[in-house]
Every structure is written in structure tokens, then in C-alpha cells.
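There are two complexes below, and they share subunit A, which is joined by subunit B in the first and by subunit C in the second.
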Partner chain A sequence: MANLGPADYSPYPVATYDGILTPPEGKALLLTDIVDEEVAMREIARVMLTSENATIFPGPQVLYAWNEEAKEKATLIKEMAEVLNAKMIPMYDYRPKYPKIDAAIEINPNHPNLTIWYNNIKACIFIGVHCHYANVALKIVRAETDCYTVGMCSLSGHEDAMATIRDQHASDVARFIKIAREVKQELGK
Partner chain B sequence: MSIKNMTKEKNWSGQTMVSADHLLFEAPREKHFMTGSEVLKEAMKRCTVDASVSYPITPQSEAAHLIGELWAEGYVGTYFRGENEFGVMSSVAGCAMAGARTVTTTSGPGTLRAMENFPMWSGTRIPCQLVLMARGINSPLTIQPDNLEVSFLLETGCMIWYAENVQELFDMSIAAFIVAEMPDVHVPIITAVDGFFVSHTRESVMLPADDIALFPYNPYKAPLPPIDSEMPPGRFLRDPFVMKSNYISYATHASWQWEVRSAADRSRPYAKHFLKGLVHVTGDLDAEIVFVACGTASHQAKEANRELTKMGIKSKVVKLRTIRPFPHAELLEETKSAKYIFVPEFNIVGWLDKEVTQTLYGKSEAKIIGRPRVAGGMSMPVEAILKEVLENVKKGA
Partner chain C sequence: MSVDIYKINPEFRDIMPKEILDLEDNATWEGEKRGINDLTDKKEILEEHSLCAGCPEAAALRYILASLPTPSETVIVNSTGCTSLMFPHIALHTVHSLFGNQNAVASGIKRVLDWRFPDKTKDVVVLAGDGATIDIGLDYTLQSFFRQEKITTICFDNEVYANTGGQESGSTPKGQVFKMAPKGKVFDKVPMWELAVTSGVQYSVKLTASAPKSVAKVVREAILIARELGPTYIHLYTPCILEIGLDANEGLWEMKEQDKDRFVSFKYVSPEAEEYLKNCKKEGIL
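Take a look at the complex of A and B:
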């Protein structure tokens, strides 16, 4: 995650310009540190459980029944939302919808800040969003809001999120839910 | 050879599919004697290439013709000719957007004719490969190495790697697909060599057997779904965000550009692995005379290093294997002991000298000398490099 502030003349923080890259296989990225996956999962659960209007943003990869993995993940994400006491606001597709977007019920990668502002979201998880659109959105969210962002990615992760875990398939999402339950119990939430 | 159905183990030409690590580092190799164009054919033969498009004109390297032969032999999925270079690069984009592992080759003025396509390639995050056999763009034309066209490609958002010889061209052009196709990278790659010296001349090269090849590209691991005319990047190709004067549109456009640059930066660890470092260093490691070069200029710098050693003068050569992303950290590290940095180049503008100077500005006490600079159409004699070194060292003494 980049330092807050401009990268060159851009208003957007860009993690790679601070030398921060996606985490290696088997590891996660928490702010600027490469950590064990479980450490990141615990921190993500803690932040989601203690932040105002924590929200999961499921993307097209888990919203539509492309394959068995998508169906399995979608079911698990509903469970994850319950465990984290989180709302769900979908990212149905990637077409720009400004100014017509209904920010109460939808998020869009081209102007994700509108939804975060409207719903006063202080922590969020992007899951099932194609990497490029997640990265475009994460840079904008980082610059325009005070929302803690999590990239839960089935591929290589997202260094512009404040926390990212990579290679997250259905079994990993299930593991995260188990850890989140433990954290929830520890926090008495 | 007839096209076969692909199985889990065999590709459509019947080659056994192997990992890039196996193909590049583990498979036994045998010595051959080939031109750069022939070597590129051998590399593409082992890459399970889905599509290749070309517009071969004269004077040209044989590379595009030879990839066409691979199609006729059943190794390349489809091969066709564009109406011109712009058409070729547009067609390459179409093939890659459709999920095909796609390669083309070009050089010289053709590169500039197709220029608008290269930033479009990177903006659409396609992992195609352009093998650039650089030969300059100036009038009067030359087929001797002049790599001026590379300077025009530096800010297109594409990765650029530079091979010194046929061996590096073989290994790099295979690794290029693998790195470009990494889901967190997924931007186009330009593998450059100096035309004529590498494309037309014959050298020894170690090749693995041709009955093995890379696994195919998996478009389902792309960072974008297949695009349509409404969804960006499809949408912006006909209706750019920037044309809508509101801040939200600006946000997308700006963040998108940063993301493309970030994507190329994410290639560093992969390139380090497959190329065994973003730079390659030879000579005396603590030398005060350092040559920074790429391509065949680094070969000539190594010759100069040998001559200087005979004279009892220490020097070293830092050969840059990647130009985009530029190996800033590696260059700083390898020039720590430098008092004189020479940047020999095969072009008139000294684009590599500018890159080196910009990287080291305020961080190095060394005198940076952007010479000798051969303006195309001729070779770079070792004597020219030695003359620069001896004159500058004498002045500084």
C-alpha cells in the first residue's frame, strides 16, 4: 500500500512506486509488510468486525454461476457477510454508470468512491472482481476515502489494497470464515 | 504435420507440454549454429503459439516468414498477413483480446507506422509479444543496427527487454510470454534485438529438443474478462473517459494509467527469475570504469573490457536486460564504485544515456559519458570505445 498522497502529479497513491509489489505465493500483504496468510486473515477479520458499515463488494466472478467454484464461493461469501456482520453491495459489471449509479445498492470500479461515500463505509472487501478493475478501483478508493480496503483475490493479490490475500479459492474462503468466527468470539461481537 | 486435438499432456502439434522452468533451465540442450531469425523460429516452435500476424517487407529479417513456416508445419495455430503494419498490430490486439497467445515481429519504420497501437495494447492489458529487430527509422534507411525506434516505444506502457545475442533472444522470447501472461502483469512485451547483427548473422546457440513446448496461455486467468463495446477498455476505445469533463471520468483515466505502469513493475520478480537478473555484470566488480549498455553494444563493451584488462586497466560491463521496467536499483548498486560511466549506443539520440543519467542524477558522483554513439549504418569498433575511455581517464587524471 502506498503512502497517502500524490505519486508524481497524480492524486492517486500507487504502491508499486513505493516498491511494493503483490505478495509471493503462500504469503499476504498487510500495509507494506509481507506476512503469513493467517496473520492477514486475523487482521482483516478484526478490521471488518470493528469498523463502521463494513461491506463486502462481490464482483462478477462470484455473482454469476460461471462454474461450480463460483457457486461455491457465492454461498461462502454470504456466510462470510453474516460472520463479519457486514453488508453486501455488488459490483455487477464494469460499465461506467456515472452519474446514474444508485450508490445505495451498487458499486462500480470506475467511480467506487461514490458508493463508499454514500454508505459511509469504513472497511470493505473486494472479492470476485477481475484484477484490473479491482486495482483501478482500489487506487481511487485509497485516494478519495478513509475506507480500509481488502483485496481477496483468486490470483496474485492487490498491492493497492491495505490488506491482500492471494490464491483464494473456495477452501481458502472457508478457512477465512473459520478464522473470522474465532476473532469474532475473541472480540465478543 | 497435421493439427491434433490438444490433450492434458500434448499440444496440437503433438509436443509434450512442460513448465517454463523445465524448458528454460532443466531440459537438456544441444548446440546449433543459427541466425537470430532462425532462432526465433525455434523459440516460437516451443511456445504453443496460437496466432501470429505479420507484414513482411523488404529489407526485413526472415523471422516473420519463418513463423509462417511454423504455421504450415502445424506448430502455430493461425498465421495471416496484415494489410500494413498498423493493420498487423491491430490484428495482434484482436487475437490477444480473444485469448490467443500472439506474436509478431517488426522493425524500423514499420514500428512507427503501427505506433498508435502499442499504448492501446498496454491499455487493454493484452499479453502479446512483439519481437523488435531494431534497424533504425531514419532516412536514408539502413539495415545495419540502429535502435532509434526503441526510444519511441519507451513510454507506451509495454515491457521492453533487450537481448544481446541469439542465445538471449531464444531464452528471452520464451520467458517473455510467461512473464507477460502472469495475471498481475498481463501487459504486452517487446523483445528487442539489434537487427542485422543478431537477426542475420549466425552464432552458436544451445537449444532444448523441439518435442517439448510451453503450456498454452490461459485467458481465464486474465485480469479482465473478454471486453465488449460498452465495457472499458472497449468503451474507451470509442468513447474515451477523458472526453467527458467531470472528475469521476478523470479518476478512472488516471488510475487506469497508473495501473498499467504498476502492472509492468510487477514483472520485476518474474523477470529476475527467468532472466537470472535484470542486469548482467562482467569484468572487475570494483572497477571505477563502468560500461552500461544493452544489446550488441554490450558485446562491444565486453570486448573493450578485455582490451583494457590487457592494458592493466580495470573495468566492468553492466548489461541491461530489461529497459521497461528500468532496473533502477540494480544500476545504482552496480555503479556504486564508478568514477566514469560510459554508455555506448547504436543510435544518434542516446536514449539509454538519458535513462542512465536520469536514474543516477543526484545519486552518483561518477562522470557519465554518453559515448561512443554510432548513428546507425555501421558497427561500433572496439577502438572507438577504447579511445573514449583513455581520453576521459587521461583528462581526469
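Take a look at the complex of A and C:
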């Protein structure tokens, strides 16, 4: 089993108990601090580029071509994975899977820690996951793993992620990719 | 819901599991020819499940899902029971309701769907066991019939509370002994298919799941009638082979036996429904 996360054995593995709230509009959350979006984007890119087995977890909102923005984001996320040298593991369904999930190739919000443990993932980005399931998954990951989690949310962000940027639409994802390219160059990766 | 939600963005096809790719490429969603024949060579909308080997209920659910006229426009409401273990694996909208109130939940869903999507035909199908339909949920079941809700109710009757250890239910036949009903049932089996007729359903059928084609025909008829006229009811015998001491390969035999006994065919079709089915046949819908 991997090392435990910041919530550890707390009976309340919830960031709000530590006074952490989602960032206000135009800002981002980085651990316990509210920062400018660009600062957070740079740090997210740095963590993803320097952590073992960095992985992007695309959710149903981007996996399936159900509207124009989903199609646009899919192209951008593929590009993002290339820039960050990250793997992609899909969260294509929220329902528990029996008899068990194949942790090598899929992630499920009811036991996301299994995929993170199995693949030894030290940094990850949740994108396109509906908020209520992102909240469930991020709490479990926060308590059960030492993985650095990023919530790229098109609504108000996720306080249970180590870093979260909010209101992320296609143009914002493109901006993140641009910043990630710069960071990658700075790091010589 | 739309089938479009299963169209995977091409950028992600290489990371999606095979069963999800198959769902897009090889599942039968719509079309007049959709039916149980697809079970042999098409991707089913029920993924692997954890019911017992040889369980007749699992087979019945496969026949039902293959027979839905338009699965992408169907919402299934279910209740606690063995079938609950299969519902997470169905590629449709399913709602797990509180035990017994599935027909009340289905009524609300159907009304909202009709209001929200007036230009679409939405089917709401209740799938629940005999405990939920006939015992604990009898009030809700009958009230939905009284109110003429346009929903289809399918009762999987295994004549026992199976997954809680074998207690007798209203649907248990008189004299039957179970592990937790050692003295034998004192009262007769509740004739739910007859109560349904008295309560105003347009269509009530009792049968076993021994003949897939019969199940398919009845399911299709019941859903089409419910769309236009009012409530329909299917009472389907799906024995719990564990509770009655049979082997995995004996479920079919048991159902065939009961075709001639407690589950001898019963079919009621209201005059309006009969007329409607004739028109459906003429139009090639059936």
C-alpha cells in the first residue's frame, strides 16, 4: 500500500474540516492557498512533469462526444497528455464494477485509490468528471494515497484536490497547455 | 438520454476498455429488427454480472433488455433484490428506488419525462421482485394502476425473499417450506395478475421465462400499450434455484414444469389494447 495522503486516518477526510474552501472566481487553489490562476497552472505543470507516473483521468464529460465543447476538449486533453508526458486512464462510468475493475486501464470513483496504488501514480489531473463524483473520488484519494491531485473543473473547483483551477473551458485548457509547454522547456524535460 | 452519449471521442478510443468500444460499435440500440436474436452475436446492453450461475432471473432480464423497443429512450426503475446486482451493469438509465415504492417513483419519472420531452416517446419500465411488487410495495403498485399511469410493471416472481435467506412472501404458494419459513405457508399465493386486472391495467400476463420468444413478445406488447393507453403488468416466474434446492442447470426444467402448474398462461388484454395491438401489427411495429 502506498503512503497515506494528507487526510491520513482522520475520521473526516474532507478538506473543509481544515478550513479549505474552493477558490473564488478568477483564482485557483494551491494546497491551502488561494493564488492567481497562472501561478497554479505553472505549479500543476511542474508537479505533473516531475512526478512519477503522472496521469490524466478524463471523465465522461470529455470521453464522449456529446457536444461541441466535449469534442474540442478531447483534442486539447490529448495534446495536454503529450506535453505533460502523462498517461491517460479513463473514468468512463461511475457505477461500481463487478467483480472488479482492471486497475491497470480504468479508474472508478468508488475506489479510485486502487488504480492509483496499482499504477504507483504520484500526480494526476481529474478533468471532465461530474462534480459530485469528482468530490467522492478526490476525498478517497486524499485520504488513502500520497498522490498529488489536480481538479480541472468547468464549474467552481474542488477543495479536496491539492490544486484546483475553476471555470476551465476549452480556451482555458489551451492556455494551460501553453503554460505547460513553457514549464517543460524551463525544466528541460 | 441519447445514443450520442455512447459516441466516444476518437482521441480516447485507444484508452477505452473493449466493452465500452463494443457498446458503441456493436450494440443494438434502435431499429425494428431489434430483439432476442441479437443475443447471439451483438453486444448486449447488460454487461457481465454477479448473479448465481444458471439463475433464471438473469436470463429473463437479458430477454427483457433485448426486447425493449427503444432502449435509449427507456428508463428502468428497480427495487432491492437480486436484480439490484445486475442494474449497475445495464447501459441504460436505471433508478434504484426505496424497497417497495418503485411504482410511485416510476409514476413521477414518467410524468416529468412527458412534460420535459413532449416530442419524444419515453418508456418507463419497473422491474422488481415479488416482495417489492406484491408485499411491501403492493399499495404503490396498485395505486399506480388505479391512476392509470403509463408505465410497464414487470414482476420477477421467485416466490420467496431469496437474498435475505429464504422467508415466505405473499407470492409463495400455500404449503411451501423455506429455510426461514419452516412451518410452511398457511395462505394461498396472491394472484397479482388478477389483482392487476381488477385495478385497471390494460394488459396483464402471467408466464414463466422458459420461452425467450414469448417473454420478448409480451414485453414488447406491454411497453407499446403502456405508451398509449395506460398501465401494463407482466408476472414472470423466475425461480430461485438455490432456495428450492435445484442445480444451476435445472432452472429451465423448473420453469417448464410450472408452465403447466402454478404459472399456466394467463393473459388479459383490454378491448382498447386489443384494438391498438391490431393497429401496431398493421403498421409493422409488432
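General observations
Everything below uses one rule, namely that the second predicted complex is superposed on the first by the 175 of 189 C-alpha atoms of A that agree within 3 Å, B and C clash if a C-alpha of one lies under 4 Å from a C-alpha of the other, contacts with A are read in each partner's own complex, and residues count from 1 in each chain.
The rule we apply is simple: a contact is a pair of C-beta atoms (placed from the backbone, for glycine too) under 8 Å apart; a residue touches a chain by one contact, two chains touch by 3 or more.
Computed from a prediction, not measured in an experiment: that's the story for all the values here.
Once chain A of one complex is fitted onto chain A of the other, the partner contacts of A:R95 extend to both subunit B and subunit C. When both complexes are overlaid on chain A, the residue A:I105 reaches subunit C alone and has no touch with subunit B. A count of residues in subunit A touched by subunit B and by subunit C gives the higher number to B. Within the superposed three-chain model, A:L84 lies out of touch with both subunit B and subunit C [touch as defined at top].
In the superposition on chain A, A:A74 makes contact with subunit C only, while subunit B stays out of contact range. Of the two partner chains, neither subunit B nor subunit C is touched by A:A45. After overlaying the two complexes on the shared chain, residue contacts for A:A54 are found with neither subunit B nor subunit C. Once chain A of one complex is fitted onto chain A of the other, the partner contacts of A:V62 are limited to subunit C, with no touch recorded for subunit B. Touching of subunit A by both subunit B and subunit C, each in its own complex, is seen for residues 60, 93, 95-96, 98-99. Interface residues of subunit A, counted against subunit C in their complex, comprise 58, 60, 62-66, 70-71, 74-75, 77-78, 88-90, 92-93, 95-99, 102, 105-106. Across the interface of their complex, subunit B is touched by residues 7, 10-12, 14-17, 21-22, 24, 60, 93-96, 98-99, 109-111, 113-114, 130-133, 135-137, 139-140, 144, 155-157, 159-160 of subunit A.
Those residues of subunit B that touch subunit A in the complex are listed here as 125, 182-184, 186, 221-225, 230-232, 235, 241, 246, 248-249, 251-252, 254-256, 258-259, 261-262, 265-266, 268-269. Interface residues of subunit C facing subunit A in the complex, by the touch rule stated above, are 2, 4-12, 15-17, 20, 48-50, 85, 88-89.
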